[in-house]
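Next come two complexes built around subunit A: one with subunit B, the other with subunit C.
The block that comes next holds the complex of A and B.
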């Protein structure tokens, strides 16, 4: 199960992800990110503080938007990853391609 | 050999014996007449002819018991017809004798006592045959659908009746013996009580009832005729009856007459209700047909046809149709006695007509599920009943029943239609479920084929030489999975080894896994360095992977001559390596990026190649995240630390044993929670 809340704060779009991102639930995540990117937001922050688990399919969602993020020069920042989830990002090597910050404050600093 | 008398043999023997006995009875009587005439005493006691008579009755009882009683027939008309036929023959014989007497009325022959005795005996034979055969048939009728109590009371009655055969030894007669009267009273009472058993009548249809009435009436007439012949005197002055000296015959007469009269009355009174009974029976049969239609492999249309026919005959409908919605397509129509044009007109009129809703349950709100009664005007049909047909909790269609009279449907009719509609729904539902089950079975079969195809992609033999031992294990969560491992002998003492995991699992992962196999087998031929291999594999996969799919991979080149390992990690789980000299294991912490994540030439920047030497008894454990990330019911992961400890503790074992320990510990850890990912491990131990 996954719960996704999107809110606009100051100069960025905040996507709050909660629960587990597995093969079936990550489809929702994919749709939300796709919309946000298409809507032309330049600063997108993903709050993963309450993301307990991410499967390879969930990682695939983040990975699939890499090209467009780069192309459109979007500040796409993930923050609040738990140690376990962060490790999954690291093993795959996604940490080298995505901007991952510890906290929301760090993320906000990164976009300004 | 043991001799076993057959029914045929017994009936033949008994009839022969019976006729012989009758002949001897007649002969003795004639002899007695002759002896009386010439004043000669035959020296024959009274008991002999009496015994002969009793044996004669018994022979005939046995004969008819086996002839009629044992015959397996449930057709009552046949039985009654048989009695009628026997009665007819016996009556004709008797009438012929009488006719003969009238023709010789004024001749001396008529005075001949011998002839009189003979004709008496012929009559007697005829009566006995009629009485005993009728008795056997009546017995069958009485005992139709017998209960235990009935059987007991019947057996008592029959035993008493059989005993009464031998009552003639007493020489008592009804007119002046209390014992006779008492016994007769008991038998007659029992006969009357037993005569109330006529369940068979209920199973006759209208036509059969009329036939039965006719046949029983004729049998009654025969009985009365013979009774008159035997017992009623011509002059009704002083003694109305002849001497009644045979308790058996008299009781038998009583029972047969009583049962005949009772049957006649019961059938007569049952005549008006027989059509209702027939209808109920027909409804029950139709109901059965509806429930059994599945087994006969009939299709949905046939079920609807049976429903329509049964419903129409149950309510005497003049026309009707069933309309089944076909998800937007032209609805399926099954019609009876109504044309399409007429049907559409009637439908319009129904929409306009005065509706009366019949709710099954007052709490049920949905108007779609209501049975509706409509009175129609301006049509030859005056009333309609509309019944929705529900299949798998959805309204699948409607049944319309039309009658040419107004208010033509009563409560009983609506009830029976409801039952029919429900049963038909169940049948259709079962039919559809059966179809779905077959379809699922087919998919399962397909998946099993996919499984065996994928099994063939996994190498059966792993390339190695005497410098290292290698063992692999893989299991998919579903029929097919996305885990992959393979080996290739690049040169003498040079081996390539790969382990990979496709993102996601199931069928889509399995397709990508087979692509990976193709890419590995092609690129490995080129004897590339680990870096070139990964870069080329990434380029190839970038063109064929789905947008959100990627593959993680670890690629190894083992050189057993140089005793080196060159390895690169493309986002795959870090390899667990046990060093004998250190006496502990650790994970390779090199950088890397999964294949298909960066689908351009920049990927090369993320490939890191490491090289190391191996020593004797070093162990490399390659695995997929199905193992490291397996969770138990507390959502705890199997994890890297546990694996590391396991390897440290079991490093002295060979690869097969190490794999077995890992997997059994993994199962132990997960408990009854199913593994929901594919899991694979390859263990290498150097020598």
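The block that comes next holds the complex of A and C.
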């Protein structure tokens, strides 16, 4: 089960992800990110403070949009990962490919 | 100590399976970080079986056995769908996943990184995947 809320704050789009991103639910996250990238937002922040679980399906969502994010020079920043969720990114070294920040404040600093 | 759980081959049942595995491992005082990794590995295997091994067939359960050993935890995942030997699977390179905008492929990489031992056996009737992870556990 996943709940996603999108809002615009100042100069960035904030996507708040809550619950679990697994083989069954990650499709919803994919749709939201796809739409946000296509809409031409230049700053996209993903708030994962309340993301309790991620499997390869969720990781795959982030990875599959990476090419377009780089092409369009979008600032795409993930923040608020819990220790166990961050650990899943680290196992495959995805923390080296994606921009991950500790807090919302750190993410905002990174786009300004 | 052994535990067993059957899940119907449906993606929305994975959540129940994760809850079951989490509770068993919590009972045996495994750390939260290790629990999450083992739950993830079993989740990836089951998701694979459900998505690729049981196309359109929801009659057969996937069975999970958990065996708490002295030095770690052993899992057995048994299904009757199409056989898929993850040991023979060549993982993609991460850079190619990005280039091809590909979403799949990382699940098996995770299982192999997380688990210390993986054995696969397929007979005419069923497939058995055994996973073992060495970890501090209370028996």
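Please note the rule applied: the second predicted complex is superposed on the first by the 112 of 112 C-alpha atoms of A that agree within 3 Å, B and C clash if a C-alpha of one lies under 4 Å from a C-alpha of the other, contacts with A are read in each partner's own complex, and residues count from 1 in each chain.
Just so we're on the same page, a contact is a pair of C-beta atoms (placed from the backbone, for glycine too) under 8 Å apart; a residue touches a chain by one contact, two chains touch by 3 or more.
As the structure is a computational prediction, the values presented were derived from the model and not from experiment.
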(message) Quick one: is A:86 in contact with subunit B, with subunit C, with both, or with neither? Answer first, second, both or neither.
(response) neither
(message) Going by the contact rule stated at the top, is it subunit B or subunit C that touches a larger number of residues on subunit A?
(response) C
(message) Going by the contact rule set out at the top, does A:4 touch subunit B (first), subunit C (second), both, or neither?
(response) neither
(request) Determine, under the contact definition given at the top, whether A:24 touches first (subunit B), second (subunit C), both, or neither. (result) second
(request) Quick one: classify A:98 as touching subunit B (first), subunit C (second), both or neither. (result) neither
(message) Just to be sure I follow: which residues of subunit A are touched by subunit B in one complex and then by subunit C in the other one?
(response) 23, 30, 55-57, 59-61, 63-64, 66-67, 84, 91-94, 97
(request) Quick one: which bits of subunit C touch subunit A in the complex? Just the residue numbers, please. (result) 11-12, 14-15, 18, 32-33, 36-37, 40, 43-44, 47, 50-51, 94, 97-99, 101-107, 109-110, 113-114
(request) Mind listing the subunit A positions that touch subunit C in their complex? (result) 1, 20, 22-24, 30, 53, 55-57, 59-61, 63-68, 83-85, 87-88, 91-94, 97
(message) Could you list, by residue number, the parts of subunit A that touch subunit B in their complex?
(response) 23, 30, 52, 55-57, 59-61, 63-64, 66-67, 84, 91-94, 96-97
(message) Under the definition above, what is the set of subunit B residues touching subunit A in their complex?
(response) 501-506, 547-550, 552, 570-574, 591-594, 596-599, 606, 625, 635, 637, 677
